[in-house]
Structure formats: structure tokens, C-alpha cells
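Two complexes are shown next, each including chain A; its partner changes from chain B in the first to chain C in the second.
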Partner chain A sequence: MDKKNTVKKKVSFSQFGHYNVLFEYFITHGLDQEYVVPPAITKRTMELGNRHSPDFVCSPFKFTLGCFLEAIEAGADTLVQVGGVVACRLKYYGALQEKIIKDLGYDITFVNLANADREHPLSFLSLIRMLNPDYSLPKILHTGVTVLAMLEALDRTQARLNRNVGFEVKDGDYDRAFGRFLQRLRQADNNVFAVLRIYGRTKKEMEAIPVEIPDDPIRIAMIGEYYTVMDDYSSHNIEKKMAKYGMYVERWMNVSNTLVHYSAPKRRKVIKDYVKYDMGVTTTSNIGFALDCAKRGFDGIIHLKSFGCTPEIDAMPVLRNICSDYDVPILFFSFDCQNADTGIETRLEAFYDMIKMKKENGKEKRK
Partner chain B sequence: MYYRNGVLWESFFKALGMDYVLSPKTNKGILERGSAVMADESCLASKIFMGHVVSLLDRCDCLFIPWLSNFGECGINCTRFRAFPAMTANLFRDREPRILTYAIDYSGTQDMKHAGDEETAFVSMAKALGKSKKQVRLAYREAKEKAERAFYEQRERTQRLADGDGKKILMVGHDYCICDDYIGKPILEALKGYGVTVIDANHVDRAEAQRDFLQLSDGTLPWIVSRELLGGIVHFRDRVDGIVLLTGFPCGPDSIVNDVIRREVGDMPILYLLLDGQDGMAGVETRIESFIDILNFRDMGERRNG
Partner chain C sequence: MKNAFMGIDVGSISTKGTIIDENDRILCGEYLYTKGDPLEAVKKLLRLLEARFDAENYRIVAIGTTGSARKLIGAVLNAAVIKNEITAHAVGTTNIHPDVRTIFEIGGQDSKIIILRNGVVTDYAMNTLCAAGTGAFISNQAARLDIRVEDFGGIALRSTDPTPIAARCTVFAESDLVHKLQIGCSKEDIAAGLCRAIVLNYLNNVAKGKKIEPPVVFQGGVSKNIGVVKAFENETGYPVIVDENGHLAGAWGAAILARRAGIIRPFDFRITDVELKITGKSCGRCANNCEVICVYREGALVDSWGNRCERGSVTA
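Presenting the complex of A and B:
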């Protein structure tokens, strides 16, 4: 059979923050397959996912399922779901989602990365074979390195955006620069240097954007459950909303920090006064970051999660103790598939007002 | 987990000649006290757990809360079992509870010093208990043997029930729900009131279940208890007339596993009872009654057709 005549697979992956760009790059450049960009998450995505999901499964399940169904409508025939490293429900998402999609009558290939075994790297190859039977390992590794560089660049750029977007003089400057950055990544040459050049160029562009940063801005640490924290739609764009109030928002959690730069033993040591035995999944990193920010004198902590997220619920008593020890206010949000922003905005506004008053009172006392 | 490890724990402390206090049977007060300290959206079973902790705080020197993470190849526990010791310590910080714990972490994924099997984990408590390692090891072995025997006998009893005549229902749920005096027992009683024999899906050979569950799910199913329950369904499904799924709201593992069961088991009536600590049995009773009716109608239909 002539390899060149084989039809390319139309691969898709669920929306998740902006990481789709990286995934797309890996599929098109590393595996030579076509990539179907899943439509942006909308109310319809959510409702679609919600309708076919179990009742009280956490919302990322519903969102990713909705994304898959919309990607199929857009022509995808191969879906990829993650899994693996974590010990929460995510590991079992793929198995049920595959069943749901097939029970709905769609004939698709479902590549479930939870089937790979961390301790046996070769098991990944059998999954890659599902995506492209004639894969070329050197090409995959080469693209893998490029994508890693992109990941780092993306996370750093996003962090820069989050730090400054609240103080931009002209609305939308940062978003436009970020949009250009993503577009450049999509078209980048397949090597690390090209990525570095793009990163440098965007950095310069962003630094040139005029900002007005007050002397002592309100600083907020954002923590919470993996998906909800990173995905703008599921978190109701809360990061942006806070920025619009003129708050400085710091979020440690992103893919590169958790997968590449993270050292669990170190964080465990930091929080040992609060947690002697690990509480699982992302709690150690979240509690550690919260404690770190509390010590650095942050003005508030905001904790986001999807409804019923077990590990994050378990972390709440610890976070409360940290906050009472360091006198830092904390606001807990729990999201499911609801749409209305009003309630969230009201709570956020009240939180902001409270912190502002607290800060001013503190200043007066010091005088 | 008491219902899974109770014999082991009790015999262990008995063998060491130590006093222990058991919390009372679950009742409304315990659930209320637990709900008061736990976050609203915690699962029913964890609220009950914290209620029990509250009831014990003043009655003992030390709380025994094991840290049960994973069983290597056999699967993991829900993350909440990892969180209990730290959660208790943080929720009741003012009262400075002393917590005795051991860590089950076969795969050592947490880089804790305790990686190893159950025996290693028990021996690690020796210093905290003020006993020598040898004493603890012997006590553990004795207790383990008793626990294995007790579980074997329980399995035999359940197997006899399953092989017997009459209408039989397979109860699928975590044993801390099924065996709980406040949330599970009333349902068992109601079922028995209709003359139905209840088979507990937890009572299967665990090694066998680890193989059998693959008939209903792929190997990515992480939770050990869910695996065993699916194994229980495979083991008993030819012998029962229907399945009752019993879940405390909003249980993480069950939220996904129940849907898998529903899709995979196929031609078998399933009653899905979701408990959220409401008072009043009327709603549950109605549903059980109609479920029994369905089973009876099915029987009649089969007889007519057969």
C-alpha cells in the first residue's frame, strides 16, 4: 500500500486553556495527521456534555465530553483523552467517555492515554501507533522538544499577561499581543530556536504596552482544581474579572509548573506544619503555594474548583487554617454547569471591597 | 473502612493488650455533627466519618486514622482516605487531637518513607504505640490471620445465600454505605421486608475480582473497591434477579463507575439509590417497592413466555 495515499486521521483533543495549540502542533508536525480544532467552548458545548454525562461527575468531565461531541460534528474521527499521572477521577474519564460516545452511535477511534503506563514508556508507543501506524520516532522526539519549549513559552507568556493585564492603559492591548503570540506558535518552524525567537518577540511587545501599576496593588493568589483554574470558560473568566478590578493575580498552577518544575518533596516539607500526610493530587502544591503567598503578604486567596472535586474539598480545612494564621481572606468558588455570571461577580466584588477596606484600615493603623 | 478492616484492627489492638474505644453506631446526631464541620459538598460518608471523629474526641487519648493510599497493582483508594488524617488534624486543631496512623502505599508513589506492604506499615507504628517491633509484627500477623478467616467465613455465608432459592438482589456499594447503621441498614431491612435475599457484592474473593472486573471495564479503573464491586457483579450476576446501586452523594468514584455499570450490565433491572442524608424513608420505600414490583412482573412475563 502506498503510504502517501493513506487518508490522514482527523485527530482532536478537548479544549483546555490554550494548550490546544501545542497539541495541534504535535499532531500535525510530529505525527503527520490532520488536526480538527474543536469549536470554542460555548453554552452549547456545556449542555451537550452535561446531557450525556452522569449527574454529579465533576464538571471537567462534562466539558471535555461536550468538546469531543462538537469535535466529531466538526469532522474528527480520532479523539485523545489524557489520564495517567493523577490519582483522581480523571484517570477513569476516558473509559466512560469512550463508552458514552460509542453508545451514541459514533464510530471513532478513542485514544485513551490512561492506558499508558508511566513505568513502561514503550506503552506510549502502542498508543501513538493508533494515531499513526507509520510514525517516525526521531520526528516525534524532535517535535516533542519543540512542543516542550512552546509549553514553557506559553506558560510564561500567559503568566506575564495575567500579571499585567489589569493595569493596561488601553483595554485589550495584552489580549491582542497574546493572540498574535498564539498565531505565531501555530506557524512556527519545528525547532527550539524558532520558539525562543517568538517568545522573545512577544515579550518585547508586551513590555512595550503602556501600563499603570499602583504602588501597592491588591495582590491575590489563585489556586484550585487543575482544569477549572486553567480553563477560562469553566472559571467564568474569573482571572480577567479580577484583573479588571485592578488586582494583581498570581497563579502558580499551569502545565509546565506542575509537570516540569514541580518538586513534591520540597512542597511537602514547606507545609509539614499543616499536613503531615499527603492529601493527594494537587492539594500539596495548592496548599504549598497558598502558604507561600500568605507568607509573602498577599492580600487574598481565591480558590476555584468544580463541584464535588474531592481532593480540593479536602484541602479546604487546611487552607482555612493557613488563612486564619496569616490573616489572609479567602474566597471559595465551586463551579458546575451553570451560566449566570451575576452571582460570581457579586461575590467577587464583595471580596474586593472587603480586601480594599481591610488594606486601608491596616494602613491607617500603621500611621 | 472499618467494615473492611475492622476485624484486623480490633484483633491487632487486642493482641497488643491495648484498650480501644469504638465510636457508637451511626445515628442522626453523628451525621449532623459531621455535616456541621465538613464542607457542604463533601460526600455523605465523609460527613459521617467526621461525625464519628467528633464523638471520639473526648473519649480517647489518641485517634486511630490510617492513611490508605494505594495497593500497588490492585488499585488505589479514593483520595479522601489519604486526606482524613490531615483533615482531622486541621479541622480540630484547637483540640490538639493525637492521631495514630499507618500508611498503606504499596507503589511508594508519594515518596513517603512508608512505602511497602501492610505489615511494614503496621510495624511503623511500633514506636508510637510504645511496643517493640517484634511484638507489633506478631500482633499484626495474628490479627491478619483472624481477619482473613473472618472474611472467608463471610464469603462462604454470602455464597450460600446466593446459591439458595428465592428472589435475590445484589447490593453494590461501598461497605461503609451498605453496612452503616443510619444510611445502609434501613434499606437492607426494607428489602428484606419484601422477602428478598440481599447479596453483598463486596463479599467476593478479592484476587478473583481483580481479574473479573476486566469483563466490565478496561484496566484504567483506578479504585480497588470499585474493581472488587465490578468483580462481585461478574461473580454473582447469574444468580441474582436485580442489582441495587447504593451511593452516598456525591461520591467521586461512583459518579463514573455507576454509569459504566448501567451501560455494561445490560439486561438486568437496576435500582440506583442515591443517598444524601435526608430524613424520612418514604421516598426510598416507594422506590424499593416499585423495584420489587418490576422484578415480580418480569418473573411473571418470563413464566408466561417460557
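Presenting the complex of A and C:
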């Protein structure tokens, strides 16, 4: 069958951290469709999403809706939204966003992954058919493996960046290396070895960047709601801001850790003194990671969430208990669509000052 | 000639300034309303301070700024230290009360709690989304009751049976208040109810999960309201200390931090005659439209900020 004559779909997915690169790769290599890269999130994206969203919905809904609308402007005719495994409002994102977008008069295909049944993997194929009716299963599986390798490479490289970027001698070295890495992923050959080579090369490049890491840096654990924690625009770039104060920031949460390496029963066991039941989505993993960091002697915990994220609100009292038991200060942030940074900087700077003074005081005592 | 240090705290409602000597003692302090124009307020403040400053024996060698306009004023005055108000308040207060363990602070638009142990901040929290239960709220309700803000606390103290009022949200509180007035509650009881509502709002939201231990120091504009002070004492069960100089604690802390920084940047009061201009303009180079703030002294660019990327940077 000659597929070249059929008109390709112009598929797009919302901005979310840097995972767009992987999605693009899967759509173009695995499904032979075109991919429309949604414009980077700006104030306009936020305003667009905000205007057409219910007022009290969580901010990731607004951001992703804004991204979809901008992707349509950029030429996309098929949109994909995630959903599925989690028990929070995310499950309804797709259904509602599809309705909002269609009510606005756009004639698009909306592929809502929440419509697939996790118990029956074959149900995913009906969604795949919406993206390409003549899909080739071997090609999808082959590309899927490459993309999985890319996911692992991306998350590991991002973690390396986060660990070191605050201590780089020359501002911007790590970001430039990371940019090159993403570019290479986009152009990579469709096999695992190509991905491994890119990963290795970037690792070497990053290790060659001069850094000055103090003997006993302030160590902060970053936790919170899935989207806000991973998306720099939503989190007001808080991860970078903390790094620039000279804090070492550890973030466990990323897509590979939560979807591939995560074992909920293990985490549940670890936190059983604090929590009896799952409170949904990422709460168990967040509480588990917070407890782990508290035990490892971290200097502080920072918790981010979108305003009104119910599961994370449930996690907050538990986090407070952990923090008072281990004497670790915690800072909570709740974001919606505000754009002033001043209040965030005030609280962050005070947090840093407090930890620094506490640490210095502790050292004096030990002398 | 001895060294002196100046601290300036520019808040949403009021602007405070102190000058201290090398032993952190206050040489002079002043206080006035910001009235929405921080730059003009600071100029006025400097004139007031200059009139009381002993320029023959002291010279100001460094400035610290704090409060919501700290960056702007810091740029204009070439400050040695620009510090957030939480740290500044903690430093200023421990200087007055070295043994303080809890600081309540309710200002014009924000409220915070600072927990200290052995003179070191160990925990703090700030109000999050809105200004419910802050000075702005009291001013509004006082106006509704036709009471002067200054008299509000005294009137509240005369009540024997405070009216229950919801303080979670200003809109809810207003409708509660209107309703209570209509069923014939007295102004005294309503004023006392509002004071209690502010305290409960503070303890339930800002101070949630924090361990309040004495000595407790209460600061910020609202600490001048005796009704709120009494309500705090009733609810916490601890005596609440309010200082005469409590409103200057932030400025005092900023001055101390400037002294500790050891950076010498001599200051001249003649700056009040210098032409200062601040512009805020949209960058326009991408859809972010960052608002870039530029500060000019006699036409020359002193500082600029607000841009998210290099494209929006403004240089002289």
C-alpha cells in the first residue's frame, strides 16, 4: 500500500517540560505523521487558556488548553491529551478540552488517551488508528523502544543538569549543552544505540563543564504536583532560581521515575507510619520521597502545586508531620495564573536565608 | 566621625526608616504613609531623617532596604544590602528581644509568622493568595462602621460580647457584618468580633501547623490595634509583646544587615534633590511581553529588571 499519497495529519501535544521532543519523535517516526511543535508557553498561552477554562480548574488544564489553541493556530489539526492511570481531574481534561475547542468552532480530531482501557492494551490501537489508520505495528513497537530509551536519557540528563547548573562557573554552559542534547535527540536515528551514543556524548560534554561545588551545600528536595513541578513556566522557573542561590536541588519526580521505575507498594511500605491510604496521583510518591530526603538529612523541602490541586492539598498535613519529626523546614507554593515573581522571590530568599543561618548556627555549636 | 547605617522598609501602606550606630542602637527613626508612591515617600522620609540626624558626629556608610519596594529603592539609593522582609524582621526583632520565639506580623497587605529558636529563624509562613485579615481589611471595615482606624481597638475593648464574624474572606466578612448590623448588634461588639475574626483567620491560615511558644512579639501596623492584641492574648493564652519601636523592626533589621555586610557605600542626603525617574515598559519582543522596569538618575540608567531573557535587557 502506498502511504505517501495520503495527506498527513498535523499532530500536536501540549508543552510539558521537554517531553515534546519524544512525542514528536514518536509521531513522525512511529506513525509517519507530521508534528506541529506548539509555541513555547508565554503569557499569551496562559491568557488564552485562562479565558476559555473554568475559573477554578487547576492551572495545568489552563496551560495545556492554551497550548492546544496556539498549536491549532500553528496549523495542527489533531490534538492528543493524556489521562488514564491517575485518579484526579486530569482524567477529565481531555473530554472537557475537546468540547471547549470544538465549541470554539475548530474542526479538529481530538485523541483522548483517557478513552483507552488500561486493562485492555488493544484499546490503545483504536486511538492509534485515529492518528494513522494504516499504522504499522512493528514500526510503532520499534519506535516505542527508541522513545523509551530517549525518555530515560532525557530524564537522566535533565537530572544531571539540575544537580549542577547552580554551581557552573560560566553562566549558561549547562543550558547550552542541554539544548544541543535535545537537538540531537530530534535528529537521532531510530534505534536504541543511537540514543545511547547521544546520551554518552552529552554526559561527557556536561562532565567537562567547570563547576565549583561547595563542601557542604544546602540540599533541597523538590516535590509537588506533576505538571507544575516539571514545567518551568508554571513553576516560575523555581528550580533554576534555587540553583542560582547555590542550593543543590534534588527532584525525583519525572516521567521515567513515575511511570517506569516506580513501585507504589514499596513506597507505601516506607511511609506506612505516616499514611494509611493512598490519596491519589503522586501523593504517595511525594510523601515517600520527602521522607527519604528528611532521613538523608536534607536542609529543606519545597512543595509546588497548582492552586486547588486536591490530592496535593491532602498530602500537605502529612508533609508537615514529617517535617516536624525530622526538623526540616518546608515551603509550600500554590500557583495559578499570576505572573508577578516578587512574592515568590521574597519567600524563596527568606527560605534560603533561614536555612543558611540555621546551618551556620549548627556549625558554630558543633565547634 | 563615627559610622552610621541606614535601613529603609518600604511597604504597601507605610514607609519606615532608621539610622543606627555601630552598636545597632537607633539614632533616629521615622514613619510615614507610602500613599502609592514609594519613591516620593522615601524622599520625604529622607528629609525627615536628615532633620533629626546628627551629621556632625556621624556619617552614613551603608544602606539596607527591605519591604515590597526594596529592589526599586535599593537601586535608587545604591544600597549595600537588599533583603526580604522576613529576614529583616527576624534580625531586627532578635536585636530588641534576643529570646523571642514567635513573631506575629500583620501589615497592610500581608501577614506572616516567624518561628525562632535560640535567635535563629527555624520556620516561617506568609499569607498566600489574598489580603484577607490584614490592615487593608481593618481599614475597610472601620470605614464601613464610620470609626477611625486609630480608635478601632479601643472601641473593641469596650465590648463584652464579641459578635461572631467570618474572616476567611473579605467579601464573606462584609456580608456577615452588614447582616449583624441589621439585627441590631452594637458597634463595640462588631468591632471586637472583627478583631477576633482577624486573629482566628491568622491562626487558622498563616500560623497553621506552627508551634507558637512565648515570648511572642507582635509587629506591623495592625499591632497598634489594641483590640487585636487582646484577641491574640485570649486565643493563644500567652502575653503578646508590642514594642513602641515595633513598626521599625524591618528597617532596623535592614540597617543591621547593612552593617554586617561590611560594604561601604557612603550616602548623601542630597539625593532628595536629584531627579529620579522610573519607567515600566513592555518589552514587546515576544508574546511574554515582560514588563521591564528601568530606573534613571538624572537621565542616566541606574538599573533595570523584569525581563525573563536577554532579549529584553536594557543597558545604558
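Before moving on, here are some points about what is shown:
As a convention for this text, the second predicted complex is superposed on the first by the 364 of 367 C-alpha atoms of A that agree within 3 Å, B and C clash if a C-alpha of one lies under 4 Å from a C-alpha of the other, contacts with A are read in each partner's own complex, and residues count from 1 in each chain.
Rule of thumb we're sticking to: contacts are C-beta pairs under 8 Å (C-beta built on N, C-alpha and C of every residue); 3 or more make two chains touch, one makes a residue touch a chain.
Keep in mind it's a predicted model, so treat the numbers as computed, not measured.
Of the two partner chains, chain B and chain C are each touched by A:317. When both complexes are overlaid on chain A, the residue A:264 reaches chain B alone and has no touch with chain C.
In the superposed pair of complexes, A:307 makes contact with chain B and with chain C alike. Once the two complexes are overlaid on the shared chain, A:128 sits clear of chain B and of chain C alike. With both structures placed on the common chain, the touch criterion links A:334 to chain B and to chain C. Note on chain A: of its two partners chain C and chain B, the one contacting more of its residues is B. Looking at the shared chain after the overlay, A:211 reaches neither chain B nor chain C. Contacts of A:55 after superposition on the shared chain: chain B is touched, whereas chain C is not.
Of the two partner chains, neither chain B nor chain C is touched by A:37. Common to the chain B and chain C interfaces on chain A are residues 307, 317, 320, 334. By the touch criterion given at the top, residues 68, 71, 83-87, 118-124, 126, 128-129, 209, 211, 286-289 of chain C touch chain A in their complex.
The residues of chain A lying in touch with chain B in their complex are 54-58, 61, 83, 87-89, 91-96, 99-100, 103, 112, 114-115, 264-265, 268, 274-281, 283, 307-308, 310-311, 313-318, 320-321, 334. Contacts from chain A toward chain C in the complex involve residues 39, 42-45, 307, 317, 320, 324, 327, 329, 334, 342, 345-347, 349-350, 353-354, 357-358, 361. Only residues 39, 41-43, 67, 69-70, 76, 78-80, 82-83, 85-87, 89-91, 93, 101, 103, 109-112, 217-222, 249-250, 252-253, 255-260, 263-264 of chain B touch chain A when the two sit together in their complex.
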